[in-house]
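Right, I'll just put the structure down here and ask away after.
To keep things simple, chains are lettered A, B, C and D as they appear, and every chain counts its residues starting from 1.
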Amino acid sequence: MIVILKKNAQPQQVELFDAWLHNMGLETHKSIGANHTIIGLVGDTSRVDMESILALDIVEAVRRIQEPYKNANRKFHEEDTVITLSNGAKIGGGHFMVMAGPCSVETEEQIISVARSVKAAGATVLRGGAFKPRTSPYAFQGLQGEGIKLLLEAKAETGLPIVTEIMDAKHLPLFEDVDIIQVGARNMQNFELLRELGRTDKTILLKRGLANTIKELLMSAEYICAGGNEKIILCERGIRTYETATRNTLDLSAVPVLHEITHLPVVIDPSHATGNSAYVPSMAVAAAACGADGIMIEVHNDPMHALCDGAQSLTPAQFDTLAKKIFAVREVAMS
Amino acid sequence: MIVILKKNAQPQQVELFDAWLHNMGLETHKSIGANHTIIGLVGDTSRVDMESILALDIVEAVRRIQEPYKNANRKFHEEDTVITLSNGAKIGGGHFMVMAGPCSVETEEQIISVARSVKAAGATVLRGGAFKPRTSPYAFQGLQGEGIKLLLEAKAETGLPIVTEIMDAKHLPLFEDVDIIQVGARNMQNFELLRELGRTDKTILLKRGLANTIKELLMSAEYICAGGNEKIILCERGIRTYETATRNTLDLSAVPVLHEITHLPVVIDPSHATGNSAYVPSMAVAAAACGADGIMIEVHNDPMHALCDGAQSLTPAQFDTLAKKIFAVREVAMS
Amino acid sequence: MIVILKKNAQPQQVELFDAWLHNMGLETHKSIGANHTIIGLVGDTSRVDMESILALDIVEAVRRIQEPYKNANRKFHEEDTVITLSNGAKIGGGHFMVMAGPCSVETEEQIISVARSVKAAGATVLRGGAFKPRTSPYAFQGLQGEGIKLLLEAKAETGLPIVTEIMDAKHLPLFEDVDIIQVGARNMQNFELLRELGRTDKTILLKRGLANTIKELLMSAEYICAGGNEKIILCERGIRTYETATRNTLDLSAVPVLHEITHLPVVIDPSHATGNSAYVPSMAVAAAACGADGIMIEVHNDPMHALCDGAQSLTPAQFDTLAKKIFAVREVAMS
Amino acid sequence: MIVILKKNAQPQQVELFDAWLHNMGLETHKSIGANHTIIGLVGDTSRVDMESILALDIVEAVRRIQEPYKNANRKFHEEDTVITLSNGAKIGGGHFMVMAGPCSVETEEQIISVARSVKAAGATVLRGGAFKPRTSPYAFQGLQGEGIKLLLEAKAETGLPIVTEIMDAKHLPLFEDVDIIQVGARNMQNFELLRELGRTDKTILLKRGLANTIKELLMSAEYICAGGNEKIILCERGIRTYETATRNTLDLSAVPVLHEITHLPVVIDPSHATGNSAYVPSMAVAAAACGADGIMIEVHNDPMHALCDGAQSLTPAQFDTLAKKIFAVREVAMS
C-alpha cells in the first residue's frame, strides 16, 4: 500500500502518522520528492482500511498495490485448480464441464427425464433448483428438501453428480449427498453462509452478485478458502446494467480477467444472464470459445409449463444441438 | 396483466393459451383491434411469470398493470405507517427520527460516550454495529454478541433505543432487547432471513441493496409483511453506479418515489452512501429537505482510529452542528 | 400504444382525453374491464410522448407496443442488409468482415506497414484514426486531414478500403474517398451529425454510446436512414458499468438481440471494450462464435510506442495468430 | 504519476523504461523497496497514457496523483468563480440563481407568459429550448432559429437573460444575443463543439452526460477553458443507472464533490433528472439545501399540451410555491 502525502503536510503530523502505522505492525518506507512525499507500507496491509487513511488531513491519496485476496490469487498459486467429481468429471486446468438441468426440480419424472437427456447430450453434471430464491414471497419457492431427494434419485438413476443452491446454512444437513453446493448471486456476500461452507469439504459453485465486481467475487471466494475449503468454482451469470434488452448483461470478459488473476475455474451461466432462451445458444458458444472452464445451462422438458424461468430454458432437443456445437467450437478455440 | 398477441397468432393457438390461463385460475378479457389482440388477465396474477408468457410464440408483449407488492402498497393502505419506539420517539406520518452512532461498537466507554453526545444533539435512536459484514474475511468482523451487550448498556445509560444489524437468523436470540433490527444492503434479498424477521414483532430497518430497484426493496419488505410484521422502515444508502467520486451514488429521489407508492417510512443513510465525512452534512440536510422520515448518521468520538469506516464518521461536535441544521431545514421544508 | 386508465377516472375526463387523442390524428379503441379501462391507440404513435400521457391524472400506465424505429426494424425489412465495399468485401447476410489497424494514424511508414500485415492476415478493411476524440484537450488529437491522406495512400498501396472516424459534419469534404465513415460512441447521439450522414451515400459504422441502450442505437441508425442512407453497420464496443477490471463491459449479447430486431449488420470491437490487449483475443473469438457479422481490432506495429491506446493494440504477429483462430471458430460456429 | 514495477523486473528493462520516460520530458524519481520498486514521474504527465504504461511487461500498477484538469481545478484557483449576467444576476461564490421556463419554445404568447410568471416567482434567467435533441428523428425537433427569436422577444419584454441549447457549432451565429449557451448531456463530449465554445466569450452551461463521471465533466470544461473561456456553469441532470422509477438518477452528491475540486458554479436540473413533475419539488428543495449554486426547472403554462417533456413541467402556480420554499430552505441551510 502506498500513501501519498499532501504538499503541506507538517513534519510532526507525518511522524504521528508514521507511529500510528508502526503501531498496526507495518513497516514504512518513505520517499521524498519535489512535490509529494510517498510512504510505502510493508507488512500485512489486508486489515488496513484505505478510506480511514484517506480521511486524514495530511493524505492526498492511497493506493493498494497488493490484491486483498490471497488464497484465490494466482500469484501465490500458479497452477490452475482442478476439481474432480464423483463420476470422474473434471473442471479447470484444461478440463471442461457442462452442467445442465431445469431451473426447478418439479417431479421425479421430470428430473429423471431431463437428467437422461442432458447426459446423452454430453452434460456431466445435473443442475436443478430445490430451494429457490424468488423476488416475490408469493412465487413458487421450490420443493426444498423434497427437491433434493428427487435430485438424488436422478443421480442414482444416471450417475450424474448434482449441483443445487443453498439459501441458508441451517439447511446444510440436507446437502450431505449433494456434489456441488451453489451459492446464488443474491447470497454472494452472505458472509455467514460463506464461512459455514468454508468448513465443509464440498465443492462450492459461487455465483457473482448482480452488482459485484470481480474483485469482490474473489473476496467472497476468500471467505470460503479462509475456512480451509478451496474447492471453489466461480460463476459469471450477468451483471445489472441500464440495458433492459436482456435480463442482465453477461460480462464475458470476466473469463480472461479471472483466468489472469485466479487459479479457480470459471463457469458461465448464459440462461440467467440473458433470461431468454433465444439468446442462450449464441452466448453459450461464445463462452466456450473464450475459454470458460464450464457452462451451466437450463434445460426443461416442457419450458412452456416450467414453474419458474421457463422463458430461459432450452428443450432437450435444443440442448442436444447446442452441446454438439459447444464441444466443436471449444475444440477449435482451444487448439 | 395485459398480454398483447402477435398479428399472425392462429385462433387455435389463442384458444390453447386461453385455456392455459383459465387453468391457472385467471379470467381473461379479450379485445380484438385492427392490429393486435389484447388479452387482459383478471385474478391473482402475482404468481404469473411474465417471462414465460413472453416466451410463447404467439405473444408480442406482456405488461403488468398491478404492482406485485400488496401489504407495502399505498393503494391498499393509504395512511402512513407510524412506528413508535420504547422512548416514545416516532417515525412516519410526519414524525422525523435521527439515528446516530458509530459504525462499530468498540468499547463500553466509546459507545456510552457517543450515545450521550448524539442524544444531547437531538438523536432519538443509537446506532452501532455488532455484527459487521466485511468484504474481506481478514477485516474486523465486529464484537458480535459482546457488542450487543455494550449497546444495551448504552441504552440503559441514556434511554436511547438501539438499532443494530443482524447477519443470520440464528443470531436472533441475541437481538431480544434490540429495538430495531437492521437488515444490511447485502442481505436485502436474503429471503430466509427476511422470512424469519417476518415472524418477530421487532421493528425492522431494511436497507436497499446496492443494485436493487425500489420495487425489489418493496418486494423484500413484502417478505417481512407476509409473515405478519409490518413494522418496517425502509432505508436508502446509495446504489452502485459507474461514478467513483463517492463510494456509492445516493439516490435521494427514492424518497418522493417511495412516499408515492408505499406507506412505510423512509430513512436516508448519507454516511454509507458517500463514504466520506466531508459529503455527509450536505446530503443529510438535503435528505431532511426532501421529506425523508429519518436520517441515519455515523458518529465516532475518534474517527481517525475507528476500527472500520472511519472515513465516513463525523465527530460528536460536527454532528451537533449538523443536527441543528437538519432540524431547522426540515422545519422550513415541511411547513 | 396502450393507455390503461385509473379505476376512478371520471367519464367526462375520459371523453376529453379521447378528444385530445383524436386531435393528434389517432384512432382509439376502448376496452372496459372490471378493474381497468384500456385504450388502444391506432395510427402513427411515433410522435406521441408517453411521459406526457402518463402525467395525466386519469392514467395508470402507458405501454408502447410498437417499436419507435421503422427503417431499421426487421419486422418491416426481413432480409439481412448486405453491404459491399470497393474491394468486393461484404458484410451481413452471412458475410463476415475483419477490420484492423492502428488506433491512430501516425506516419506513412506505420500505416502502410500495418495495412500490409493485416491484409496478409485476412483483414479486408483497414481502420485508422485521423480525428481522435480525447477526453483531455491536452492529449494527442490525431493527424486529422493529414491522417486521412496517409490512410488513402495505404489504401492505394494495398487495395484495402478504409474506415475512419468523423467528429464534425464540417469535415465531411475530407471524407470523400473514405469507404466507411465511423461515428464514435461519444457522438452516437450527435443528431446534427447523423442527419448530415443520412444525406451522404457512404457506408456508416455507428458505434453504440457508452450508456446507450440497444433501442437508442437503433433510433440513431434511424436518423441516418431517415435521410435516405441505409448503409449502416452497427458496432458494440463496450458499455459503462460499475466494473473496472476492463475499461468497459463488452455486451456481447447485443449480437443475438440486434440480429433479432434489425436487419443491419453488427460488428464487435473488443479492443475498445476491454482496453487491454491481453483480453482482446478471447473476446474476438467469442464474437466470431456468437455470430457477429464482423470484428474490428486494433493492430499496431509497435504498441509500446503507440501515441494512443497502445495498451489495447495487438502486434501484427499476434493479430495473424488471432485471425486464423477467428476464421476457424466462425466456420465451426456457423456450420 | 507513480509507476510500481513488478518484483522480477530486470535492471536493463527498467533502464530502458527510464530512458523512454525522460524522452517524454519527464523526470523520474526511483524508490526501491523490499518488494517493489516505485518510480515517481515529475513534469507534465497530462499527456501520458496510463494504459500504455500499464501494458508494459515490467509494470505492476500505475497511479495518477495529480488531476488531469488544470484550469477547472480548485487547487490552482482557490476562489469560487462568480458569473454575472446582463440583468445583474450572479451565480457562484454564494450567489444563487434560479433558471426556469419551458422545455421547448412554442409560441410568442407561451414564452412571454411563462417568462413573466417565472420572473414574478423569483427566477432570474429564462430557459427555453429552440434546438431540441430528440432520440427519435420523428419527434418534434424545436423551432430552431425561430425559437431563439421568440426567446429574445421574451428577454426584451421581461429583462430576463436567456439560456438555450446549441447542438452544432455551425449555429453559433444564431446565439449572438443569447446570454448562456447550454451544451446538452448528449454533447458533453462533442469536443469540436466544446473547442468552438472556448473561443467565444459567452457563459456556457455544461450539462453532465448520462454516463459521464464528474472527472470527465471537468475534462470537458477544460476543453472550453483551454480556448480561453472560463465562464462555465456545470450542471448535474441525472445519470443513467439500472433504476427505472425515475428517468435518470439524480446524483446530488455531485454538488459537494464538485465544490471540493473545482471553483466553477454548479446547477441542478431536477426536471430532466426525475422526468416526473411530482418529484421535482422535493429534489429542487434538496438541491437548494445541499448548497447548489443554482437550480434549473421546467415550467410550462399548460404542461398537458407541452410539445415535449410535459410530464416533467410544473405549472406557473406550482413553480411559484416551489420557488418560495427553495429560497426559504436555502436561507436556513446556508446560514
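As a convention for this text, contacts are C-beta pairs under 8 Å (C-beta built on N, C-alpha and C of every residue); 3 or more make two chains touch, one makes a residue touch a chain.
From a predicted model like this one, the values you see are computed outputs, not experimental measurements.
Shared contact partners of chain B and chain D, listed by label: A, C.
Compared with chain C, the chain whose C-alpha mean position is the greatest distance off is B. If you average the CA atoms of chain A and of chain D, the two centres end up 39 Å from each other.
If you average the Cα atoms of chain A and of chain C, the two centres end up 31 Å apart. Rounded to whole angstrom, the centroid-to-centroid distance between chain A and chain B, based on C-alpha atoms, equals 26 Å. Along chain D, residues 211, 240-242, 244 each make contact with two or more other chains. Against chain D, the residues of chain C that register as touching in their complex are 46-47, 49, 51-52, 54-56, 68, 133-140, 167-170, 186-187, 189-193, 195, 209-211, 216, 219, 222-223, 226, 240, 247, 275-277, 303-304, 306, 308-312. Touching chain B in their complex are the following residues of chain C: 2, 4, 29, 31, 33-36, 38, 40, 42, 60-61, 63, 65, 240-242, 244. Across the interface of their complex, chain C is touched by residues 211, 213-215, 239, 241-246, 249-257, 260, 273-274, 278-279, 282-283, 285-291, 325, 328-329, 332-333 of chain A.
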